[in-house]
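Labels run A, B, C, D, E, F and G following the written order; every chain starts at residue 1.
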Amino acid sequence: MADRYSFSLTTFSPSGKLVQIEYALNAVKQGVTTIGIKSANGVVLATERKANSSLLKSNTGSKVELITPNIGMSYSGMGPDFRVLVDKARKLAHTNYKRIYNEYPPVKILVQEIAKVMQESTQSGGIRPFGVSLLVGGYDEHSEQFQLYQVDPSGSYFPWKATAIGKTSNSAKTFLEKRWNENLELEDAIHVALLALKESVDGELTGDNLDIAIVSDPQDHLLGFKGTSVEGPRFKKLTAEEINDRLDSL
Amino acid sequence: MADRYSFSLTTFSPSGKLVQIEYALNAVKQGVTTIGIKSANGVVLATERKANSSLLKSNTGSKVELITPNIGMSYSGMGPDFRVLVDKARKLAHTNYKRIYNEYPPVKILVQEIAKVMQESTQSGGIRPFGVSLLVGGYDEHSEQFQLYQVDPSGSYFPWKATAIGKTSNSAKTFLEKRWNENLELEDAIHVALLALKESVDGELTGDNLDIAIVSDPQDHLLGFKGTSVEGPRFKKLTAEEINDRLDSL
Amino acid sequence: MADRYSFSLTTFSPSGKLVQIEYALNAVKQGVTTIGIKSANGVVLATERKANSSLLKSNTGSKVELITPNIGMSYSGMGPDFRVLVDKARKLAHTNYKRIYNEYPPVKILVQEIAKVMQESTQSGGIRPFGVSLLVGGYDEHSEQFQLYQVDPSGSYFPWKATAIGKTSNSAKTFLEKRWNENLELEDAIHVALLALKESVDGELTGDNLDIAIVSDPQDHLLGFKGTSVEGPRFKKLTAEEINDRLDSL
Amino acid sequence: MADRYSFSLTTFSPSGKLVQIEYALNAVKQGVTTIGIKSANGVVLATERKANSSLLKSNTGSKVELITPNIGMSYSGMGPDFRVLVDKARKLAHTNYKRIYNEYPPVKILVQEIAKVMQESTQSGGIRPFGVSLLVGGYDEHSEQFQLYQVDPSGSYFPWKATAIGKTSNSAKTFLEKRWNENLELEDAIHVALLALKESVDGELTGDNLDIAIVSDPQDHLLGFKGTSVEGPRFKKLTAEEINDRLDSL
Amino acid sequence: MADRYSFSLTTFSPSGKLVQIEYALNAVKQGVTTIGIKSANGVVLATERKANSSLLKSNTGSKVELITPNIGMSYSGMGPDFRVLVDKARKLAHTNYKRIYNEYPPVKILVQEIAKVMQESTQSGGIRPFGVSLLVGGYDEHSEQFQLYQVDPSGSYFPWKATAIGKTSNSAKTFLEKRWNENLELEDAIHVALLALKESVDGELTGDNLDIAIVSDPQDHLLGFKGTSVEGPRFKKLTAEEINDRLDSL
Amino acid sequence: MADRYSFSLTTFSPSGKLVQIEYALNAVKQGVTTIGIKSANGVVLATERKANSSLLKSNTGSKVELITPNIGMSYSGMGPDFRVLVDKARKLAHTNYKRIYNEYPPVKILVQEIAKVMQESTQSGGIRPFGVSLLVGGYDEHSEQFQLYQVDPSGSYFPWKATAIGKTSNSAKTFLEKRWNENLELEDAIHVALLALKESVDGELTGDNLDIAIVSDPQDHLLGFKGTSVEGPRFKKLTAEEINDRLDSL
Amino acid sequence: MADRYSFSLTTFSPSGKLVQIEYALNAVKQGVTTIGIKSANGVVLATERKANSSLLKSNTGSKVELITPNIGMSYSGMGPDFRVLVDKARKLAHTNYKRIYNEYPPVKILVQEIAKVMQESTQSGGIRPFGVSLLVGGYDEHSEQFQLYQVDPSGSYFPWKATAIGKTSNSAKTFLEKRWNENLELEDAIHVALLALKESVDGELTGDNLDIAIVSDPQDHLLGFKGTSVEGPRFKKLTAEEINDRLDSL
């Protein structure tokens, strides 16, 4: 960070605000709502996939992405900026961390690294801030715990039990505060996430306009081979059918 | 991306918009309309070639370009910017991907790489955004599927069954929504594309003022040699005669 | 410092002020209050951890950080900027100093190095000033003394017996002047810090919305192994329970 | 293109225009008219050489330049910018292409390379756009065809049968549309070019205030040696006498 | 100086002033007053140490610093800028000079080097001017003379018998002109310095709110070892007690 | 040219003008008049040397400079900029050309190189345009011809029989058009140049306020040695006496 | 000069002026007057040393500096800028010239090099112009002549018999024109210089507020050793006593 060629595009206003960061947050506020909920046995990340035309192909979801086999990431705000951060997060996880320690980083370490990238863009990277807030959900092998984090354009990050970002984040968070409790099972969490999204989405929820991923038990069948002692990834995207099943039971 | 010398020309407005991107979209909106349609057995990319003078030579079309033998690309907006992206796309396909994997990239991978180049120009490349939207059509060997993508100046990309970009894109998209269905054959798709363009083009459609390319079956005769097991390219530009034949049957 | 590529974003106003520094101080003034108190047998750093939602996970405090085993650091102002300075401080302590002298730097040396980083950002680093004031508390092996320093965005630093930074720093400092005396024991200091924070915090103080760390006697049990002559770290974060115990006795 | 140090001087206006390019086109519009005509057996490039003083030496024409033995280039707009592009075009033809393939580039390849240089100056070269439009005429060995291209400050290029750039380009183009046909011989083309220029030139046309070059049959006598199988250059500048002969027969 | 990457932030106003330098002088004028007096047998540098809170630790003075064993430096203006210049001055004295000549630089040489650093910041360093004026006092081995210099943000330097910089410098200089004479002994000089400061300091003078250093006879006891022929440093900071003793006898 | 670090200070005005170039031409227009005349057996360059004080030493003329033994250069406009171009021209002639071809460059080649340097300063050198127009006079060994060129701040260059630049260039050019003819001998040319200057110079012409150089026959006596087959330089500055002799015969 | 990283801070005004240079000249015009006079047997450089306080030490003159043993330099304008040019001039004289030719540069060569440095700062050094005019006086071994030059912020230089720069330069030059003649001896020149300064200095002239240096006969006694064939330096600063002696005889 802050190497000698870098410089800042973001300066303080008289009241001590960094306005480019505030404006970037407004870009986030214009994005569709994304929900993250942590439960006893897994994390769910759920968001709407805008399909304002029947001609838009629906089976190419990319709003919730796998970063490591046990960590997924979603966002509200500008899609192309999210893709840049997905690339960086994967690189940080694999090149910077896994190559050294021969294991994937814990969720918090990864979140701190991503947050550092986002902070740099507000002080020294010579670039505009990123126009996204992120939700990062994952599982830590060592602590055997599920984790859910939010990262903002300023580079601030927060650990959550459940939260929402984007257009209707305020009302969604109020809803989540009422519905979340320590005993929530993963299926309950998905249920709550769908209810929370229902408020913000115009029109009907379907498997085609939702992107939902979970981090829960190892999905050995996703490994593509058998008979080994290697655990499958815990990150798994729900198919349109799996989402529709849950929507039917709302 | 985002190496240490780069910086952004594009900053957030108070409402969270990146105005240079909005203005670049306006440049796209001033471009002639380009149509892309995916059918069961192929993709068609069709656009108008402005020939506002009888002295402009007609047989030198370059508004739909081959990127790999199975992927073609067209655009609306600024021609010289398109040429830069054609160069980059070819380089990405050959140098970055084919040299490593010894096969051409799938359509989505290529689209993501191009989208990344366009996103960079909005955050860290130190240059203005590209003044074009792209349509990328192709065929994936592995999935054995045809693909059609749109990439915008922001670096956003969308998978489509059929779409239009440029001056009359809104009305053309409405038209395509009415006419497109899952059973469309490639020839039907070309037919629909011609009808959609007819609306936007001033004056008569002819083989001389249209640029049409298809990605469909391997065109072994385009290989230039015989008796091998190598498949020919699937990308093929229609000649003026081939276009005129279709126009006659409209 | 001041290598040949660097340049300043901060210039003098006609009255001789560096306005970006004044604005950065306003960013600090908007931060939550942080208290530092030096006593005969230890230093305490205490601050509020904002938890404006019941869904924010509470056990992930990071507002007071260990820099070396004997030095801790807290802040008022912008969290992501603090994290950058924590990284730099750790690097300065370990790479620049410990690698050369095979011991951790004395508190004042470390503070001077951090202050230099912050001064650079106001004259030559090409970046905006840091939006934080820091409190650095620690213990010097050689002088066998506890130390407490404040570092401001300008790079100014001050040695304190007790002080406060952030939103209610003025009233808190007045309170501390009344309550501090040379005979204060560490437990008294924690008591005074809690009382000082009480004024500034909206709502009840609990172990969940406070971050408190002490630098006092070596905590050999924190070493994770036994039977050696190595001393444990003197820096120790209080658990929520330990904080609640003290709150009960207020 | 777009290396990491580059940046753009040219940004989008709200309506999606790149104003520096529009202004550069205005610089072209202030230049003297240049005519290019392709005929069955050759291309002619003709322009006025301003000689507003009898003291200006006339035999040092440089407004139509040889790029390769078979390709010539003329312009409207700023002379010094043209000279830079002549240098670059020659370098591209020889160093980049001939050194690799051991033959001169086809006209279209060369035109694309020049166009790329001009596009760069509008997006990433950190410099103002070039203040010239170019006419490039040449002969392709492989296709055995004559070619005529126009390149604009934006980097757009167009294949023409006949065209005009500069001050009176609009009226000259109208004139050319009337006079051009497929059966034109080179001598006819020169005749038409002289007529087209007559309109735009103040005062009488003479061999002294015109610069005319043709690309037609190999001019073996220009080789400077005999008895070899090497073909002479096809590019040939007309002498003042040769021009006057044609003017006499107008 | 003036290497090829550097550039100036400071340009001439129409009247030929460099305004950033004038503004930097205003920053100096806002600083507390610092007094320097040269006497027959030593130099004294004296300044106020602001302690606007009883909680500020008093025994950590750093407003008069040793640069070489025989040269000390104080300032008025911005503390963090002073620290940067202290670092540079020490480096210049040791690395640039002592490493070459195996002795410390004479006072004037050192002053010229510091002045050059400050001039650069006004023309070519790409940074704002330094917001301090310096007083440099020292003893030259070769000439066997005491020296006192002032250096201003512009890089101007002046040799003084006695002078004052900072808030009340004008009145203090008038006072010094009246009291200074060639026969002043060091103790008299300290006495005069305290009287001069008395005017500018709000509240009572004490050993706790004053920083005083002298350069006089070698202080062999400061060497930390005995029985050698090495001379001790001539620079010596007065303790609070030593200051109080002098204050009592005012 | 146009290396990757360069950028332009000169952008287009809406009407397609490069205003910095226009302003530089105004700087030329404020310079004293300089006359260049080509005759059958030589070129003369003549200009006024301002001596607005009797104390200015007169025998140190430098307004007409030798570039190669056969080429001289004068100017109107800013003297220090001329000196830079003299240095560059000499370097171009010797290092770039003579080192490669073992002979001095022909006049036109040298003029093109200087013009390129001046064009760069208007597009990519990152510097302001040069504030001078140049007159370059010389003799080409190969063509056995005398040459006279003008180069403008834009990098445009023109071959002349006779011309004038600077304050009274318009009237001087009208005068030259009347007086110049093909049969002019060098001595006539000097005579005409003196008459042309007479108009523009305030006060009397003398050998002391004129700078005149000729390029004509080889001046073997200027070689400084004898008995070799080396030809002397053709460039020769007239002494004050030689000028006065000609003035007497006006 | 003009390496690829450099750029200009100084652009043309519409009337063709470089305003930063004009402003720098205003800085010179605010400086104290400096006189230079060339006589048959030597050059004198004389200027006022401001001593607006009795406490300013007087024996540390530095406004006339030795550059080589036979060349001295003084200035009007900004002292710190002068010091930078002194450093550069010495370096140019020793490193660039003496190391190559094993003798010191002639006055004119040195002046041209300094002028080049000053021109660069107006076109390509990326820095503001220097805020000084220089007077350079010296003796050339080869021509056996004394020389006096003025160099201005623009990089213009002029050879003088006698001249003045700074606040009262206009009236002083008028005075010098009346008093200077070819038969002036060095002592007369000093006499005239003192008379010229008398006008501009407020208050009495004394050896303490004047800086005078002469370049005349070799001062072998300044060599510091005897019995060699080496000539002593011709540059010699007058002591306060030597100045007072001349003042007495005014």
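Please note the rule applied: a contact is a pair of C-beta atoms (placed from the backbone, for glycine too) under 8 Å apart; a residue touches a chain by one contact, two chains touch by 3 or more.
For reference, the UniProt names are A, B, C, D, E, F, G = Proteasome subunit alpha type.
Because the structure is a prediction, the values reported are computed rather than measured.
Peer 1: Chain by chain, through touching neighbours only, how many steps does the shortest route from subunit B (Proteasome subunit alpha type) to subunit F (Proteasome subunit alpha type) take?
Peer 2: 2
Peer 1: Copies subunit D (Proteasome subunit alpha type) and subunit F (Proteasome subunit alpha type) touch; is their interface built from the same residue numbers (over half shared) or different ones?
Peer 2: different
Peer 1: Please report how many Å separate the Cα centroid of subunit A (Proteasome subunit alpha type) from that of subunit D (Proteasome subunit alpha type), as a whole number.
Peer 2: Chain centres of subunit A (Proteasome subunit alpha type) and subunit D (Proteasome subunit alpha type), defined by C-alpha means, are spaced 56 Å apart.
Peer 1: Centroid from C-alpha atoms only, then distance subunit F (Proteasome subunit alpha type) to subunit G (Proteasome subunit alpha type), rounded to Å. What do you get?
Peer 2: Whole-Å distance between the two chain centres: 31.
Peer 1: Using mean CA coordinates as chain centres, what's the subunit B (Proteasome subunit alpha type)-subunit G (Proteasome subunit alpha type) distance in Å?
Peer 2: Between these chains, centre-to-centre, one finds 70 Å.
Peer 1: Provide the list of subunit A (Proteasome subunit alpha type) residues touching at least two other chains, using ranges where the numbers run on.
Peer 2: Counting only residues that touch two or more other chains, subunit A (Proteasome subunit alpha type) contributes 5-7.
Peer 1: Tell me the shape of the graph of touching chains, choosing from line, ring, star, complete and other.
Peer 2: Contact pattern: a closed ring, each chain touching exactly two others.
Peer 1: Just walk me round the ring: subunit F (Proteasome subunit alpha type), then subunit G (Proteasome subunit alpha type), then whatever comes after, in order.
Peer 2: Ring order, starting at subunit F (Proteasome subunit alpha type) and heading to subunit G (Proteasome subunit alpha type) first: F, G, E, C, A, B, D.
Peer 1: Enumerate the contact residues on subunit A (Proteasome subunit alpha type) facing subunit B (Proteasome subunit alpha type) in the complex.
Peer 2: Result: residues 3, 5-7, 9, 19-20, 22-30, 53-57, 60, 78-81, 83-84, 87, 125-131 of subunit A (Proteasome subunit alpha type) touch subunit B (Proteasome subunit alpha type).
Peer 1: For a test of understanding, state which residues of subunit G (Proteasome subunit alpha type) touch subunit F (Proteasome subunit alpha type) in their complex under the given definition.
Peer 2: Touching subunit F (Proteasome subunit alpha type): residues 1-2, 4-8, 10-18, 108, 112, 115-116, 118-119, 122-124, 148, 154-156, 158-163, 173, 176-177, 180 of subunit G (Proteasome subunit alpha type).
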